[in-house]
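Chain IDs A, B, C and D follow the sequence of writing; residue 1 opens each chain.
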Amino acid sequence: MPLTPEQQAEIDAQRATPRPTLRAVSEGMEAHLYKAHEVLDHGFVRVIDYMGDDSAIVQAARVSYGAGTKHVSNDEGLIRYLMRHWHSTPFEMCEIKLHVKLPVFVARQWIRHRTANVNEYSARYSILDREFYIPQPDALAAQSTVNNQGRGEVLTGAEAERVLEILKADAGRSYDHYEEMLSQDGQQGLARELARMNLPANIYTQWYWKVDLHNLFHFLRLRADSHAQYEIRVYAEAICEMVKDWVPFAYAAFEDYRMGGVTLSSKAVDCLKRMLGGEEVTQETSGMSKGEWREFQAALA
Amino acid sequence: MPLTPEQQAEIDAQRATPRPTLRAVSEGMEAHLYKAHEVLDHGFVRVIDYMGDDSAIVQAARVSYGAGTKHVSNDEGLIRYLMRHWHSTPFEMCEIKLHVKLPVFVARQWIRHRTANVNEYSARYSILDREFYIPQPDALAAQSTVNNQGRGEVLTGAEAERVLEILKADAGRSYDHYEEMLSQDGQQGLARELARMNLPANIYTQWYWKVDLHNLFHFLRLRADSHAQYEIRVYAEAICEMVKDWVPFAYAAFEDYRMGGVTLSSKAVDCLKRMLGGEEVTQETSGMSKGEWREFQAALA
Amino acid sequence: MPLTPEQQAEIDAQRATPRPTLRAVSEGMEAHLYKAHEVLDHGFVRVIDYMGDDSAIVQAARVSYGAGTKHVSNDEGLIRYLMRHWHSTPFEMCEIKLHVKLPVFVARQWIRHRTANVNEYSARYSILDREFYIPQPDALAAQSTVNNQGRGEVLTGAEAERVLEILKADAGRSYDHYEEMLSQDGQQGLARELARMNLPANIYTQWYWKVDLHNLFHFLRLRADSHAQYEIRVYAEAICEMVKDWVPFAYAAFEDYRMGGVTLSSKAVDCLKRMLGGEEVTQETSGMSKGEWREFQAALA
Amino acid sequence: MPLTPEQQAEIDAQRATPRPTLRAVSEGMEAHLYKAHEVLDHGFVRVIDYMGDDSAIVQAARVSYGAGTKHVSNDEGLIRYLMRHWHSTPFEMCEIKLHVKLPVFVARQWIRHRTANVNEYSARYSILDREFYIPQPDALAAQSTVNNQGRGEVLTGAEAERVLEILKADAGRSYDHYEEMLSQDGQQGLARELARMNLPANIYTQWYWKVDLHNLFHFLRLRADSHAQYEIRVYAEAICEMVKDWVPFAYAAFEDYRMGGVTLSSKAVDCLKRMLGGEEVTQETSGMSKGEWREFQAALA
């Protein structure tokens, strides 16, 4: 359970007293506010605040394009048009603030997305909790034999058991030692900023992460993708569920044009034209490398 | 008057129907929402949306610094501490979205602050209105004789009259010609994206500008400063009035540590120490250049 | 002629004395250094400095992916792989610094690309030169009748003549008045920061613009595109010529995957599969809007 | 020793063959290129590439300020002027690319500086080396008793020994288990992206880090400061030594105005004026909090 009773009580209190506002309100997002959506064994993601809704995107676009937007008769159509033509600035007019609890090795991937605001719990100032990510058996995958960054089959039997044993035992021992080093019982106690170096990358940290919708979509496209590491993908998927309720038109356009979309090279487009013209095209006659051809076929399979 | 009756009616409508929200609400900012604060002769700035309040800053800081923040007993003290020690990330947790109408030459200065989101009215798609900034007589300043980027005395008499005549006549004529070139009466009409090149830099444009509080403070420090050009400073000052009502603790800390603060070089600190020790220090014995010494004296005058 | 004899002499001097360096050197780019590539009637773009080459991209990728990159046997293949899979960070390891002279209305579009460093000539400090962009006859296009941001046919005859007359006369008169207002002959002289407001958007400005290769490619994809305004596209095309000589492998991958590439929505992919399977698909049976269908057909025409 | 003989040979080779370039060359930086400056027990920082020198800063400023810069007669004076008045864009015209090997907990602090380009060694793709940071005895500090983020006295005797024992043993065991989990001897071998979660935060990683001079100065001001954690400060200090040789004028200005400078609040400035006027000011009469007063006194001590 990722939340303590105190934390749950705090969330309930935050959800108890609506206040009037003149700002744009997204009913779909109000239903999510503050609630912790559980992810992995001890993690969560929850919305702390948001700015804007589908209408805010449209409103900003109409400022930019003025009379130029009038031929698109409705909000959904305009949002689809903006997404299709890579007009990103109207989507930047929406903002979201999340509170995320996540393993450190996931946080290290996540932070590579630089266009966001972050306040992370500081292990220099404070003491981390004894919480570690231990994969579920079905997430305990072997190294892929064909892909350097991929996963293969799920481990089973003695190998799986041994791996779980190691992860649990090492995490527990590292944390015991962390506490011992910090302890001031009969000793000075090592500085927190040093003691933390003993903690493994599956310990949980937490942060506030604030990002605009355009950059969030970019994050989701990469991290909710099937090639993303499972442990960050589950966070991205949880966020997708919230965004869908927050800005339904924008999310639908994102799904159609980005998540489900395909980018073809000029070589691939040439092949397609030949194929549509009835020609049989093979990798040899395509001008593509084997890797490109494989990806091209997969995209149209 | 910068607003049309239609625009005013739209603002009234937006302010008429509060809706319930579970988000943080700043009462001070709700009072400003959508209202146009007039700036210059046809400009305005108005808040379209905001995220967070003073408590949101504190909340983010307590996530970061955990137990480490407990020794600062109250929100105001913590906010002052964060500002004093350049802990900028908690201030990034607040966000504001403004609608600004402003002359193009002001917009050109403003856009140099890159860490913000912008949707500007596009003169490629749409036709600009016939509105130009013409300075009030007391803003009609001569070139400074001591400072390349400064203003000297106010122009008067025939020179002032002539300048105002030129500005008005050239703006009017340029706009007439803009319309004539665009016109399709008996002709094809020049493309908007080309016709706009005839318009002078005092024509008004407008945009949505969204920025986090940390970067807004950076903007305000530079643009509400007495060295900023008057025509952008009045916008910055109007924004200051809103921010003061939005996040009163943060704004007070900003005023004390940034706007009213002074940065001294190590040479200046050395001089100060000598002066506090009773020594008479002159520019010659200070180790500073004439310019530095003048600024040092002004800071402590 | 965009350059004065003094400027040309300075460029010749800069090109006269090579110095030894241990850094990565791109022969193709050395040939361009400092030279002014003329653009429009008075503009230019020239490379002032660069960092890295194709090998620098590969080197950074191999740091990131370590042994994981070894299965891609050569540099060109790895660069194509990185481009195809949106691995953008290795491309960020190259940097370029340009000196550009361009009309203000082009600069206003250009600056919307925020992830770059800019030092623009300041009309607050200094006096602008009397140089304006006047389109060539074949660039004098009518407003498109089908596209709010597009151009239609080229203007001819009396309409064309009148437009050119207006642009020339208004620019000249505005500049004369600018000078008169600044003048201190028998008067104080208006502050430069005010006088500039009388100048039209086709006056030339100049700046140093520094950007990494990833963000430059993003700029080029949008601005060297056929939908970009002609007056910025010619700058983008001039830059393309330099980039091709600087990082030939990266540029070729960019051309294949970005400039010549096509992004299809999931709806479009579905249609394609049906079409490849022999089905006759029409707009009505495609699930796409008319606009989408038109663009889809154009992409595969 | 942080470098293998192969790595050293590669560095020697890179330094062996200077090539001619027309770009700005900094002799001081050429002397550093590729060389590994050792930091901590296994870390290093080395310059891979750079763009610009002191003259490049001046050159960009003169484009911006045109004739306005002529009253500052020399390069050093102009650079000091720019630094003093927070004109940051000319400093952004210089760029540096570093290769850094550093413990993960240091990397986690470092990456918080977002305005930079990064390519980090990926433990998803590749296998990390068995190298851990183990502090020198004099860096083994106790938690500060007065400052949540600070260090107190150095640990000695049995406590110090025990801490070092723990750090070494846990790191070694974690790495053994990492290898065992990855091993494919008679088993499938856990995916690298999962196995890495067992590694502690003192394991070394490495990255290419590219940043402009303005943002580098910001990083150095915070991380070469005495309040920064020792383990990141030593990297910042090593970088300072290189920057000093690269752009000596800019670095001297940075030292005077930023590193050695002091920012005073408006309250502090008021106190100073009273003190210079002969008044005895105490914390009680200063209007400052105890913390502020203490810092104020320290700044002028």
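The working rule: contacts are C-beta pairs under 8 Å (C-beta built on N, C-alpha and C of every residue); 3 or more make two chains touch, one makes a residue touch a chain.
This structure is a prediction, so every number in the text was calculated from the model and none was measured.
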{"item": "Required steps from chain B to chain D (each step between touching chains, minimum)", "value": "1"}
{"item": "Chains touching both chain A and chain C", "value": "B, D"}
{"item": "Between chain A and chain B, centroid-to-centroid distance (C-alpha), Å", "value": "34"}
{"item": "Whole-Å gap separating chain A and chain D, where each centre is the average of the chain's CA atoms", "value": "29"}
{"item": "Multi-chain contact residues (two or more partners), chain A", "value": "65, 67-68, 89, 112, 118, 120, 122, 125-126, 148-149"}
{"item": "Chain D residues within the chain B interface of the complex", "value": "65, 67-68, 71, 77, 80-81, 84, 86, 89, 112, 148-149, 222, 255-257, 259-269, 272-273, 275-276, 289, 291-292, 295, 299-300"}
{"item": "Parts of chain C lying in touch with chain D, wherever the complex brings them together", "value": "14-15, 17-25, 30, 33-34, 48-52, 56, 59-61, 63-69, 89-90, 92-93, 95, 97, 99, 117-122, 125-127, 206-208, 210, 212"}
{"item": "Residue ranges of chain D touching chain A (in the complex, touch as defined)", "value": "103-105, 108, 111-112, 114-115, 118, 120, 122-126, 133, 135, 139-144, 148-153, 155, 159, 162-163, 166-167, 170-171, 173-174, 177, 180-182, 184, 187-194, 196-202, 229"}
